[in-house]
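Here come two complexes built around chain A, the first alongside chain B, the second alongside chain C.
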Partner chain A sequence: MDILISGLLLGGTYALMAMGLNLQYGVARIMNLANGEMLVLGGLAAFWLFTASAISPLITALVVAPLAFAGNWLIYRYLLLPLVRRSKNQGQLEVDSILATFGISFALVGVMVSIHGEYITYSYLADPFSILGSTVALNRLVAFLAAATIGAALYIWLNRTYAGTAVRAVSVDTEAAGLVGINVDRISALAFALGGAVTAVGGTLISTFITLDASIGVIFTMKALIIIIMGGVGDIRGAIIAALILGLVETTVATVIDPGLTLAAAYVIFLAVLLFRPQGLFGRRTS
Partner chain B sequence: MNSGEMKFLVIGVVLALGAASIPIVSDGYWLSIATTAMMYIALSTSWTLFSGPTHLIALSTGAFFGIGGYLVGSGMSDYDQSFWLMAIIAPVVATILAMLIGLATLRLSGVYFVIFTLGLAEMIRNLVSWVQNNFLGSRGLYVLTDFTEAHIYWMLLSVATIVFLAGWLINRSRLGFALRIIGNDEQVARHVGINTAWSKVILFMTTGFFAALVGAIVAPRYSYIEPNVVFSPQLSFLVVIMALLGGIHRLWGPLVGVIPFTLIWEAISISFPNSTTLFLGLSFLLIVYFIPNGFVGLFENLTGRMRK
Partner chain C sequence: MLTISDLSVSYGLHRALAGVSINVSPGEIVVMLGANGAGKSTLLRTVAGICAGQADGKIDLSGRDLQSRKSDEIVEAGIAFVPEGRGIFGDLTVWENLMLGAYSDRGRRGKEKNLKWVLELFPKLTERKSQVARTMSGGEQQMVAIGRAMMANPEILMLDEPSLGLSPLLCTELFGNLSHIRETGMGVLLVEQNAKQSLAIADRGYLIENGEITGENAADAMLEDPAVQAAYLGGAV
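Presenting the complex of A and B:
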């Protein structure tokens, strides 16, 4: 029961970060491998403000979101859009964007290491809390609730508003979206920036209960990618289920076998998905 | 063999002989740099055999290299096997692993393959550390041999030469031709009856084989093997950068990238050890935005213009 609860709580926070990457990959068509670094930056901001002036990470999240949005918009506009324009086909864009975002990722890690090379850890709401007969740390629950709220807001925005519909249209087919009068470049930039903001906020929340460090971003990128592939690219509901599964499996492996094997567990899931359901949990088999 | 190929062969032999004489004329610092460079030449050239024609960025070098180093260390300290036996076993293990990974991922879209290899070194490192801590007990693995730096250098030179020969043979073979078609348009390749998945898997296995072989040969250089050291994700990225910097559409492209990059990398690691990651990131950006076809591309552009 303990495993079930804390696994689901962890999965909820994972879902948020995967949702961010899903917007960037599903809509803007950029495989952003610097996504994990955004997450760590969000965590680093929370750490700073908390240790320096005891500001609650929940308030930090409100500051992180617009900053990350602006930063990611600039990255898309000035680093990635030129690549989109230059590439002749999707394959070329994939290779270029993978390499460029690796560059961004390493550059960010390099900057973060020189600013704060030690572990990013602080103690916020680390009190026990009873839920359904088992005890969890309060910070996990708060992070989960915040993630769920943001996720729900995002879901409603995507499905109920005009801009959200445009985003979904671009994710289905860029060319067709352009034909019906959607400014694809603007929507892509919006989705990329929004995705970065969501991931960074996810990082702020995760940092309340997981110890991060400057170079751990790539592990989170990996996990977000596994979640997206398991859920099906562009499928938000699939990603949420996949995130909960990953959270559960990781927590189970960490408690029952060894905490050092969580990445290996994620790989086992990844392998199973690739072998049996490469189209995603709810995707339909194409061709 | 036509006259153009003959010319390349002669240049190649002269270069190899020249490279073989380095340990005779110098030792100490420059020999150690040359050994490092030779290691990267073998690694990036064999990386390019697969990633050049297929355009799939393989980030598995660190994992296979680590398997080579770790198996030599483990075989020699835990099971008292000879270096030579382990240096044969390690590449075979890596080749089998590459086949399994290839079969699982290369049938699908290329992105899945890249993502799978991205965390591979880290995941194997976690697994190996866990096995070692829980079942084997010992943490330190010693690789004690009578090899000098010159011996290791010569072994790496031989591997690099074999990689070049293999690359040349593959380019001329049906497999190489098939791979170039796959790289240009995979659907066309499938329609003309090429087994695209297997062609890619075979080339990926070749890359894995050589990376593990290099890892095994370099193991005596460390003398003390620890999973955290040999399974280095950074190595995978260094190999990618060096190959791209040189240019991956020619067999000799990576060679042109490795030599300057190794020198710069050594200088930066010594003078600014905390800025290596930042430098790595900036190099990636520099390559993508300014030299997308590497030095070879720049050079061919220049000569192309001069001919006009």
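Presenting the complex of A and C:
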């Protein structure tokens, strides 16, 4: 039961960060390998403001979101849009964007190391909290609830509003989106910026209970990637389920076997998904 | 009025269109006949702003120059396009597809009026409105595609082989519907392989071969033309 609860709580926060990458890859068609660094930046901001001025990470999240949005918008507009414009097909864009964002990730790691080269850790709401007979740290529960709220808001925005429908239209078919009068470049920039903001806020929340450091971003990029591929690209419900599965498996392995094996366990599920359901848990086979 | 003058398009060294000049007036159905690879699709895709090739020439809609604009700007200017294979948003519902059709400022202005019109023309879409478009039959998807294009409130509607993959019965229904669209005052530019049925509803026709316009005539005259009959109508009507 303890494993189940803390696994689900961890998975909920993972879901949020994966939603960020899902927007960037599913809509803007950028496989953003610097996604994890954006997450660590969100955590770094929380650490910074908490240790310097005792500002609650929940407040920091409100500051991080617009800053990350603006930063990611600029990255898309000036670094990635030229790649989108010159690419003749999706395959070429994927190769180009992977290389470009891989480079961006190194640059961000360098910046973060120069700001704060040590562990990003602080103690916020680290009190025990009893839920359904299990005891969890309060910060995990708060992070989960915040992540669930943001995730639900995003889901409703995408599925129930006109602007959200336009975003989904771009993710389904960029050419058809242009033919109904959608400015695909603008919606892609919006989705990329929004995805970056969501991931950074996810980092702010995760930093309340996981110790980060400047170079750990790549691990989170990989986790987000595993979740997206397991859940199916562009499928938010699939990503949520996949994130919960990942959270559960990691917690189980860490508790029952050895904490050092969590990453290995994540890759085992990843391999299993690629072997047996490459289209994702709920994805359709591409025809 | 859509006026295309001396339009040439190349894909690298391959020239797909060479000096094509055509025009489409409001309330007129113009059909373009030609074999596979003659350049019909390239022509429509170039006008719609989604052609990957190098285009040269003039595309003018009622005094506005539309050459080498982006597809969303062209929709805003007043040309809607139903590509071959329909290009609907398969993962979205019928209703979402129609609503997105009115995404442009131009479409938003006429939204209520056009929606009423589309649902009158395709009453089936009302009952299917919350169905995911991908799960519909080919004929129904074509209705969604045409309805969505009409929601953009265009001056000119372009369709690339709308009858492709439809049963003979659905073809007849489709061409019947297209002839109704003319009543709204829209001009229709139609690319078709089904020469007989498309000429029957059209006002004028063009013949295109190897990227060049080789003939132009009134549709009924074309139906009688022995050369057209031999090439596109299987010898006799």
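Here, the second predicted complex is superposed on the first by the 286 of 287 C-alpha atoms of A that agree within 3 Å, B and C clash if a C-alpha of one lies under 4 Å from a C-alpha of the other, contacts with A are read in each partner's own complex, and residues count from 1 in each chain.
In this text, contacts are C-beta pairs under 8 Å (C-beta built on N, C-alpha and C of every residue); 3 or more make two chains touch, one makes a residue touch a chain.
Because the structure is a prediction, the values reported are computed rather than measured.
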- Of the two partner chains, chain B (first) and chain C (second), which one does A:113 touch, if any: first, second, both, or neither? first
- In the superposed arrangement, does A:160 touch chain B (first), chain C (second), both or neither? neither
- Could you tell me if A:176 is touching chain B, chain C, both of them or neither one (first, second, both, neither)? second
- Message: As a test of reading the superposition: which chain, chain B or chain C, is in touch with more residues of chain A?
- Response: B
- Query: After lining up the shared chain so the two structures overlap, which partner does A:184 touch, if you call chain B first and chain C second: first, second, both or neither?
  - Reply: second
- Of the partners chain B and chain C, which touch A:85 in the superposed model: first, second, both, neither? neither
- Note on the structure: The intersection of the chain A residues contacting chain B with those contacting chain C is none
- Note on the structure: The residues of chain A that touch chain C in their complex are 88, 162, 165-166, 168-169, 172-173, 175-184
- Per the touch rule above, chain A residues touching chain B in the complex are 31, 33, 79, 82-83, 91-92, 94-96, 98-100, 102-111, 113-114, 117, 215, 218-219, 221-222, 225-226, 229, 258, 260-261, 263-264, 266-267, 270-271, 274-275, 278
- Item | chain B to chain A touching residues, read off their complex | 55, 57, 104-105, 108, 110-112, 114-116, 118-119, 122-123, 126-127, 129-130, 134, 233, 237, 244, 274-289, 292
- chain A touches which residues of chain C in the complex? 48-50, 52, 70-72, 75-76, 80-81, 83, 87-92, 96, 99-101, 103-104, 106-107, 148-149, 152
